[in-house]
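Two complexes follow with subunit A in common, the first pairing it with subunit B and the second with subunit C.
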Partner chain A sequence: MNLMDIYQELKDDIHVIEQELFRSIDSHYPLIEEAASHLLKAGGKRIRPVFVLLGGKSGVYDIERLKHVAVALELIHMATLVHDDVIDDAETRRGKPTVKAKWDNRVAMYTGDFIFAQALSRITRLSDPRVHQILSKAIVDMCVGEIEQIQALYQWNQSLKTYFMRIKRKTALLMAISCQLGGLVCNAPEPVVRALYRYGYYVGMAFQITDDILDFTGSEKQLGKPAGSDLRQGNITLPVLASFRNPAIRDAIINEFKSGSPDMPKIINLIKQSGGIHVAKTIAQRYLEKARRSLEDLQSVYSKKTFIQITDFIEQRTY
Partner chain B sequence: MNLMDIYQELKDDIHVIEQELFRSIDSHYPLIEEAASHLLKAGGKRIRPVFVLLGGKSGVYDIERLKHVAVALELIHMATLVHDDVIDDAETRRGKPTVKAKWDNRVAMYTGDFIFAQALSRITRLSDPRVHQILSKAIVDMCVGEIEQIQALYQWNQSLKTYFMRIKRKTALLMAISCQLGGLVCNAPEPVVRALYRYGYYVGMAFQITDDILDFTGSEKQLGKPAGSDLRQGNITLPVLASFRNPAIRDAIINEFKSGSPDMPKIINLIKQSGGIHVAKTIAQRYLEKARRSLEDLQSVYSKKTFIQITDFIEQRTY
Partner chain C sequence: MILRDSVYRDELESMLKEVEQRAYHPYVQRYVRYPDINLFQLHFLFLFLHQTGISSALRRHYCISQMLIQLGLDSHDHVDNQKVSSDDSLKQRQLTILSGDHFSGHYYHYLAEHGEVELIHKWACVVKTINEDKTRLYMEHDLLSQEDVLCLKRQIKRRIPESVLNWFDAPDLWYAILETFVCLSTHVEEGFPPDETFESNVERLKELIDRLGDRTLKGEFTLWLDKIEQAYLVIEP
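After this line comes the complex of A and B, so read on.
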């Protein structure tokens, strides 16, 4: 089963959103359009828009309102990808050259700003001040998360708590408010909106942990970059932190980095041997369980069923 | 006369805004705070907040509403400064080391994003959807302007129209909406709000042209960077474009750049000899005249008087 099969029933509405996404980056300026549509065409899972739509199913489903939220959230996600590429010195994303690699850092930064601004412009079509407040607060938190992530690079002594806080800001928060805002703009009952937020949060945490596991277990072909790239760039994720419970492995890994030219295949093996991957998988599964339990309060049979399928998909995903 | 003398009557309200600006960047994260407050402490003319307050004088002046607009607009201005520093590889701004130079590009980019997000968060305190629409549309345009500016670097054949469009997006637009939104949130009559917008736009155009002139006529000490820095970095401004009316001077300047190591003092002299500075000054003065004429519809004697003083200040400014 792949994600698009799960979304089948939402196909027409996703198509509407896809068109609006392209319209949003239609600036009449060739450089911007090329840079932004380049990213848009690279695709992506469109999980956030789907979460918005599914959230809406718990209220009085209204695609005319939902589409603005969905487009805004996907654009915000895209803007962060563009800015992450500037940071990461990433040369490819989703197997395609990044905006940064194809043009340069400056254009990438302003393309990110532009996409971000379009997201905000889009959300002004909704007058409910709660939407703007939730969104802007989340964006502030996401920015804090990005700066924290820089600060945490190569910080071998960071706590698990730091890691969880970081991935909340980096990934889970936007997924949480995707579900939440979908419910909110369709006037779903308050406890349901809260349950939607929780679902998005838990599933987002699991999603990011899975990403962090795949960085070690995936092949270069699947990942579109060499395995261990996150750690190579100083990003210390859950499998690494879990492996550090074994002091010998911790020392061996840190020493590899201190040498100046870390042997990544060796480090990846150490992490695998340590059981760090297994620990991370267990934690991801616990989040997925919590996500499933959050769905109990939902009334919409369709959205409950679909959210469960998405949860299962994230549990099994290998790319 | 300096700007702060002009603002005397607004002193208390500017103080409120200054405090709120500091509160806005109070993130409890040392790195962000240091990076952002560093910029905040460097000061600046706070022209945009003053424009907001003066705009408010044309309606039912309400500092509780005006302060949110003023803080948001100044934060947006600051965010663009931070991102410009990433672009410009600038090592100093207002004589102090830039965020970029002191930390690095990545932190600068996300600090800009953070300040920007705080601006948006701040503006959600106002529920009038027109405010959000005007603001988000302006931000989109500003981002387009930034990308256009990159595209226009070293484009010797660009038209005057391109230049004027660029400085509108870069500078005049934010000043225009500062005046406009001040009037709008205090319920000034519609024709007055439009006049306020026009004033801000015209004065903003003159302000940027003056900046572009000073880049050639100022001393390194006044500018905080060597004279001719804009052109050195490929930014072709009005004095340069005006000097190109003389084909011999045009060829001489372009040839200097083609040589790979342009002799900036020589180029600056060529531009001065060409009369390019004089042409630019004349055009700036025309904009200032239009700005003054826009004030005719204003009812508030105080704001009219103050706007005129600011216009005179911009006419005479040498730094």
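After this line comes the complex of A and C, so read on.
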């Protein structure tokens, strides 16, 4: 089963959101529209819009309100990707050239800023100040998370707490508020809105940890980049930190980097031997269990069932 | 700093301080030089909003949010297409991008905290247009005439203050002051020598400032007029 099969019942509303996404990047300057639609056409899981819709099922479901949140969150995610590809100097995304590769860095900067402005233009069609307080706080935290990720590069002594804070800001926050805002704009009861936030947060944490595991266990074909790329760039993730419980492995990995030309296949093997991958998988599963438990307060049978299917999908994800 | 001579110095400085406290990140500052805040734009908007009679709180919301927006936009102008040659220059580029996003996030967060949803929407429309203009300027720079390039640069510079004038249905005099000042500052920034157009714009600005009538306003704008004139001050031997 893929994600689209899971979303089947939401198909019509997802179609509405797709149309609105394309409408949102309409520009009187054709090139900026082309650059923005380039990424949009490449597709994606649309997991954030789906979370918004499912969150809405816990209240008085209203696609006319939900679509503003769903479109804005997907646009914010897109704007981040366009800029991230410049940060990472990435040539491809979702199998297509990135905006920065097809045009250049400057066009990517303006396109990302344009998309972000359109996201705010869209979300402000909702006047509830709580929506904006939640979303804007998350955006600032996401930026701080990305800044701190750079600060933490090659910081071998960083704690697990630092890692978890970082992935919360980087990935889990936007998923958490997607669920939360869906419930909020449809007037779901307060405890349910809180439960939705928790679900999105736990799933988001598990999603990022799984991504970090796949960096070591996936093939180059599956990942679209060589295995171990994140670590090669100095990004120290949970499997690495877990492997550091063994001081000999820790020293061996750090020494590889100190040599100036780290042997990545050797490092990946060390991490696998250390049990670091197993530890990371166990922690991801704990987050997924917590996500499932968060759903107990939800009254919508459909959204509960779908959230569980998404949780299962993330658990079984191999790339 | 020119604003030290303003009668509104304390209020302006407190706004600058708030921007710094909210949005300047210590780690970014180690690697990146933040863009300068456009002090004329701040002062101009402050003076205009002051004379509209809106509350000081609302005036502050406009002034602080526009500074955050401008800082975000200006940060991304510093991202070039050069291949990075060292880890430090890579880090500098990465942090420049993120600091621009951080400023933009803060404009939204600042206004959201104050419940200014409509203003968030209005600014978003302005930012969209500025990015369209900037893309056009960037892509067509070599195809446009020098006059068209200058015209587009001035248009981009005016977008933010002009939008505020539009929202308040400002008298023509304010548009004229803005336009003339932007012409003069662009002239200086482009490194053009003083010429007849420059001199006539200086005279025009003096005349426009005179027409403001209010003595305090005249004094405040004269600070900028002096600065412009000093840009070409030649001291004879």
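As a working rule, the second predicted complex is superposed on the first by the 319 of 319 C-alpha atoms of A that agree within 3 Å, B and C clash if a C-alpha of one lies under 4 Å from a C-alpha of the other, contacts with A are read in each partner's own complex, and residues count from 1 in each chain.
Please note the rule applied: a residue touches a chain if its C-beta (ideal position, glycine included) is under 8 Å from a C-beta of that chain, and two chains touch if they have at least 3 such contacts.
Since this is a predicted model, take the numbers as computed values, not measurements.
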Do subunit B and subunit C fit side by side on subunit A in the superposed arrangement, or is it a clash? clash
Which partner chains sit in contact with A:Val60 here, subunit B, subunit C, both or neither? Use first/second/both/neither. neither
Could you tell me if A:Met4 is touching subunit B, subunit C, both of them or neither one (first, second, both, neither)? neither
Kindly classify A:Leu160 by the partners it touches after superposition: subunit B alone (first), subunit C alone (second), both, or neither? neither
On subunit A, the residue positions that both subunit B and subunit C contact, one per complex: 27, 29, 31-32, 83, 86-87, 105-107, 109-111, 113-114, 116-118, 120-121, 124, 127, 129, 132-133, 136-137, 139-140, 142-144, 146-148, 150-151
Counting only contacts in the complex, subunit A reaches subunit C at residues 27-29, 31-32, 80, 83, 86-87, 89, 104-107, 109-114, 116-118, 120-121, 124-127, 129, 132-133, 135-137, 139-140, 142-144, 146-148, 150-151
Touching residues on subunit C, where the partner in the complex is subunit A: 25, 27-28, 72-73, 76-77, 79-81, 84, 91, 93-95, 97-102, 104-106, 108-109, 111-113, 115, 117-118, 120-121, 123-125, 127-128, 131-132, 134-136, 138-139
What residues of subunit B sit close enough to touch subunit A in their complex? 27, 29, 31-32, 83, 86-87, 105-107, 109-111, 113-114, 116-118, 120-121, 123-124, 127, 129, 132-133, 136-137, 139-140, 142-144, 146-148, 150-151
